[in-house]
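After the structure tokens below, expect a handful of questions from me.
Letters are used for the chains, namely A, B, C and D, taken in the order the chains are written, and counting of residues starts over at 1 for each.
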Amino acid sequence: MDTVNLTIDNKPVVVKSGTTILEAASGVGMHIPTLCHMKLDDLNIENKPGGCRICVVEVEGRRNLAPACCTDVSEGMKINTHSMRVINARRTVMELILSDHPFDCLICAKSGNCDLQDMAHNLGIREIHYKGEQSTYREDTSPAIIREVDKCIMCRRCETMCNEVQTVGVLSAINRGFESVVSPAFEMNLDHSVCTYCGQCVAVCPTGALTEVDETGKVIRALSDPTKTVIVQTAPAVRAALGEEFGMEAGSLVTGKLVAALRRLGFDHVFDTDFAADLTIMEEGTELLNRLGKHLAGDKDVKLPILTSCCPAWVKFFEHQFPEMKDIPSTARSPQQMFGAIAKTYFADQLGIKREDLVVVSIMPCVAKKYECGRDEFKTNDNPDVDHAITTRELAALIKLSNIDFTALPNEDFDNPLGESTGAGVIFGTTGGVIEAAVRTAYEVHTKKELPKLDFDELRGMEGIREATIDFDGLPIKIGIAHGLGNARKLLEDIQAGNSEFHAIEIMSCPGGCIGGGGQPYHHGDAGILKKRQAALYTEDKNKTLRKSHLNPHIIELYEKFLGEPMSEKAHHLLHTEYFDRT
Amino acid sequence: MTKIKTLADLRKMKEEAQSKIKLRENSANPDQVVQVKVGMATCGIASGAKETMKYFVEELEQEAIDAVVTQTGCMGYCYAEPTVEVKLPGKEPVVYGHVKKEKAREIIDSYIKRGELVDGIIPVSFKTIDD
Amino acid sequence: MPKIKLAENTVQLIKDICVEFENKESELINVLHQVQSKLGYLPAEVQEVIAKELKTSVAKVYGVVTFYSFFTMIPQGENPISICMGTACYVRGAEQVLNEFKRQLKVEVGESTEDGKFSINCLRCVGACGLAPVVTVGEKVYGRVAPTDVKKIIAEYHNR
Amino acid sequence: MTDYKMHLLICGGTGCKASESDEIKNRLNQLIHDLGLEDEVQVVLTGCFGFCEKGPIVKVLPDNTFYVQVSPNDVVEIVEEHIVKGRPVKRLLYTDPTNDKQISDSKGMDFYKKQIRIALKNCGFINPENIDEYIARDGYQALGKCLSELTPEEVIKEVKDSGLRGRGGGGFPTGLKWEITKNVENDQKYVVCNADEGDPGAFMDRSILEGDPHSVLEAMAICGYCIGADKGLVYIRAEYPLAIQRLKIAIKQAEEYGLIGDDILGTGFNFHIELRYGAGAFVCGEETALIHSMEGLRGEPTFKPPFPSVSGYMGKPTNVNNVETFANIPVILNKGAEWFSKIGTEKSKGTKVFALAGKINNVGLIEVPMGTTLREVIYDIGGGIKDGKEFKAVQTGGPSGGCLTKEDLDIPIDYDNLLASGSMMGSGGMIVMDENDCMVSIAKFYLDFTLEESCGKCTPCRVGNKRLYELLDKITQGKGEEQDIEKLKDLSVVIKDTALCGLGQTSPNPVLSTINNFEHEYHAHVHDGKCPAGQCKSLLRYDIVEDLCTGCTLCFRNCPVGAISGERRAPHFIDQTLCIKCGVCYEKCKFNAITLT
């Protein structure tokens, strides 16, 4: 490939042609600040509107300043990234952004974690010289996401996520000039829109314009209510990310500390969603084998592929966008909801208390889980199976609020019976993990043989759409994997067109799967963090003695004592669900 | 309409079309063509100016002389109607009185074609009839 | 926003227009032009139909509608009054004319009078700068309008 | 075939149509028919004559009689007097404002004397709805010659040699642009005509499209031949219904003659043209925004490179030129690059069309050779300042340009000189201002425009221009502070330096140029609380001179807010805290007892 010679701040640099100034500078240790620009390597996600103009640099011979994020280097270029002209321009642009931004940093949900705040600090803004009218908008609260549109700086990252990556199409820039802002159509509330609450907009917002609904207050209230037994479940992806909130290296596994922290917060029983993940495999795996069996027997009514259904944003996505296909996904509930259903029946019975007196809290990497636990079909007598779903970030806030020194905590173990899990449950937190867990169980159930090797490398990775054929002892099973709803849409359209040869497809709404969920600690545009979280989950899986869901002793016990067998009538009632046409 | 199939056809078509707006082209560049102004006020019309004008238009056209024949108001020489002002490219205008068909013929043949002055000039010398 | 129910033939009309443009997303602006010329404005429900037909998101349609000043979501008055605010008209007093219209009709720019007879809009240069300031009512153009002419112009339409 | 002895040309441009030129045409036709003269007299509705100030215009050929401000009621007189009796209708002739002399032949009018018409050569001369008349004027000859006798390289060389530069504002060499697009390899390319003329007060492109649509179509096809495109798109403002209609007719006629379509003139070259409509967004004049708009998106500009020549409409190489640029092409190819390059200045060849507007006697459309001075344009062609007022400034380049002052009157107009004097060529709007125009208000007016037309994508334009506007507004309200003028300058410089597209980068120009040339006016507003031009209402003060007031109570009775008090037959008094400066008292007072300071 051709190379280009240039100088950046008087340093000679040689880079590949087609490199942007931003990338070239970064290569020599000059980190030009950016605000709207976001590039998630490996995920093929890029937001490059060139709109914020924070990254401008001086290029010798050019009339005006050049945006580093979208200007390619050229031979002989002489770039100055911090001349007086540049600094002056950059500061003025920042002042302009701030002049149309509320000054409530101290009480903003994003305070301390805000790209805008950091950058204003780094640019040494001490005064706004250009004050004037500020745009004001109505706040929009939905079951999962809050939009404080006053704080929108038109970086368009959320728009890119919502349209190009997720193809949900709820958010768009509207109006123009000073009035322009990112909004749903007709400035309607999110809960009137086709929003899936995947939370990817929240994950990338550089300000406090998009945040999750904060339910920590409700959790504190429940914990301090002496009449309630409060139990907690924690999703697989949480343990691979929570440490980041306490300054730990990305990819640190903090399962033991997490359990310890939850116990110190006052939860009566600390359980694991991984347990429910194993349960999901029992149900979903059985459903797959049933459908497959009928299909192989020539039953024309049975539909394949079967699609996973543990992701609530994905469920809402197809209910809105592909309602005619709502009989294809597995009817299995998500692990969060299976956990809630079992907790409020089986476990409440064990404790001898009424379901109303048992409060189930879940810690999720996800904002859509807040919406999911509020769905009517997951309630009995108006009492939800899961009472409150809080995000990894909210949990971190709770821990800080409760004066717990997280990093100094000892490692503790989950409680039983709903705390035991296998490695198969752990990898639910990454793209490819659910289907790998399902394969481990389905293979052994179907072939009645033990798997020679448990690591299915062909199902792992970060490619947006992956496919693999697994040999079920002579029966080739075709598997598809998609993460990111845009990728899911492609597979769905193939199915619609009759071009899909898959037997089973795993779909996760968030790029990377739950490790990249909208409720996780902010990645601030660094996709490397997601890969480290993913690696952490595979490590945890490897270190487990049990790595196949059907071998989880407490699952076996649950079926023996309570459910009977997978897909039994009771299982059907508690662990399966139906889908609705939401168009 | 039929399609024009070649450049040659287009060129031919242009020539046909040009004749239709020749009057406009010539009026846009009157200095390059012969200008004939016929006094067409009441007095002129009564004295047969209309026929004179028609004669000029038709004859000049037939002989393919690029010319602009216009009518104008009373030139103030009612005694000599019909009056006609002729201006050759690059020359001062000349006004002729009592121009009927025969005189017009003479003006065309001698003055317009060969530039030889003809009898019957009304001495106006410095003013054109528009003033 | 009050929901309106579109008549079936209106929906069909919109669908037909979309078909005329092969239901192509890239023809959105042409479709919006056509639909607005038929219906007079582009209410939310209409945009929803268009989004569906062109297989795009309604947010995107709304984003486009609100970007271009030519598109409106508010029904126009029977007699849409437009005051040219191009430079030539401006320096020759268009603002005073506009204010007089606003005062007489008691509406702001972009609004319609209560009886639905008039609506006021500003536009940029109709290219009749020689007649500045220019006001159009429907198709009719009024040139060299002074604030004192406003009453007369309104009266022309009042009793129709 | 009828050989008409007399042609009546009626201006059918938007301006004159607004003044009922259609009705004039109908009545003329009717009367001529009634008199049985339809074989003698041809009535033609043409494009704009340019002399919009005095429209509607009726021109009688062959004698070139130029009637101004004709109303339908004048038709009878024109027919009876002029056509039948040959006597011009004197009262409808144009009167030269400088010497009160009536001029009958348009050739004698100063307005036309200094003009050279290339882009406008057919405007006001042919019937734009009749392709034959275009063909009669060498129409499609250039296309025919290119397709049959020249290679694309040869055509591009001719365009390059002519020195033609883009007339849309930037002044990029047209031939070079074509060459760049030609050299990008792709199986599909596009030619786009930018007819999204949005500068307030500019109507050059509209007039060309209305008066001579074929010239643009022909040029687009030539461009398509050169760059290897078989599809052309005209992006035109929806606000130009007449131009759209004429374009549609022209496309249809050209298609019927096979001059557009497949296998043009038997050469195997295919070229189709479609229309795309703007929807009221000035920023769509910027080529990347225009392309997005054509794709059905919000008209937001994107960073260049990639330039449209490489990746444009639908991601394909696209050559975008504006209307006036295209209109020059057939003439250049017919008359030769050498002929064209002799007109104009060293670096700016040919002519430029300007829309003259504002406080000038002859508002209208003119075309002058590059290098003509502002003085010639304003005083000779434009007939000087209206109402004998004093010239103050002229704004060129619209909201992206700047103002030029008395000192600049003798600068020969071309791209480089205008830039050097702090303005720019722009698309050709020229707004003349007189002593009564407040330059701070003018800057505010342009900022208001930019603000409303900003797409909102980049911070400097979205927020920066808002802040500039607010500062200007503050100053015109008399609330300006010492540091505000500096702030205006500083912020303007940063916006120019950092905005994403041409609209944003040039939006502070009116501010900078009015500060550069009229800083004293800004100071007067800020320091003395005065608007020297007497335009900023908040800074006006009406007072009653006691000695002159007779106590007639007329002002008292007319004041809409009750700000005036006083006894009958005793001097009255204005309460400045209540006064809204509407000026009614000033107008009503019969004794000149009210002063305005």
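Definition applied: contacts are C-beta pairs under 8 Å (C-beta built on N, C-alpha and C of every residue); 3 or more make two chains touch, one makes a residue touch a chain.
Computed from a predicted structure; not experimentally measured.
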Comparing C-D with A-C, the busier interface by C-beta pairs is C-D
Rounded to the nearest Å, the gap between Cα centres of chain B and chain C is 54
Rounded to the nearest Å, the gap between Cα centres of chain A and chain C is 44
Expressed in whole Å, how far the mean CA point of chain C lies from that of chain D is 23
Expressed in whole Å, how far the mean CA point of chain B lies from that of chain D is 39
Each of the following residues of chain C touches two or more other chains, namely 63, 67
Contacts with two or more other chains occur in chain A at residues 173, 175-176
Residues of chain B that touch at least two other chains are none
Chain-chain contacts, ordered by label, are A-C, A-D, B-D, C-D
Listed in rising order, chain C residues that touch chain D in their complex are 24-30, 32-33, 63-64, 67-71, 85-88, 90-92, 123-132, 134, 141, 143
Within their complex, chain C touches chain A through residues 1, 44, 47, 56-63, 66-67
In the complex, the residues of chain A that touch chain D are 49-54, 56, 64-65, 67, 70-72, 85, 88-89, 92-93, 96-97, 99-100, 129-133, 153-154, 173, 175-180
Given the complex, residues on chain A that touch chain C span 163, 168-176, 183-186, 193
So, in the complex, the side of chain D touching chain B is made of residues 1, 3-7, 9, 61-64, 85-88, 104-105, 107, 125-126, 132-133, 135-141, 144-145, 147-149, 253, 256-259, 265-266
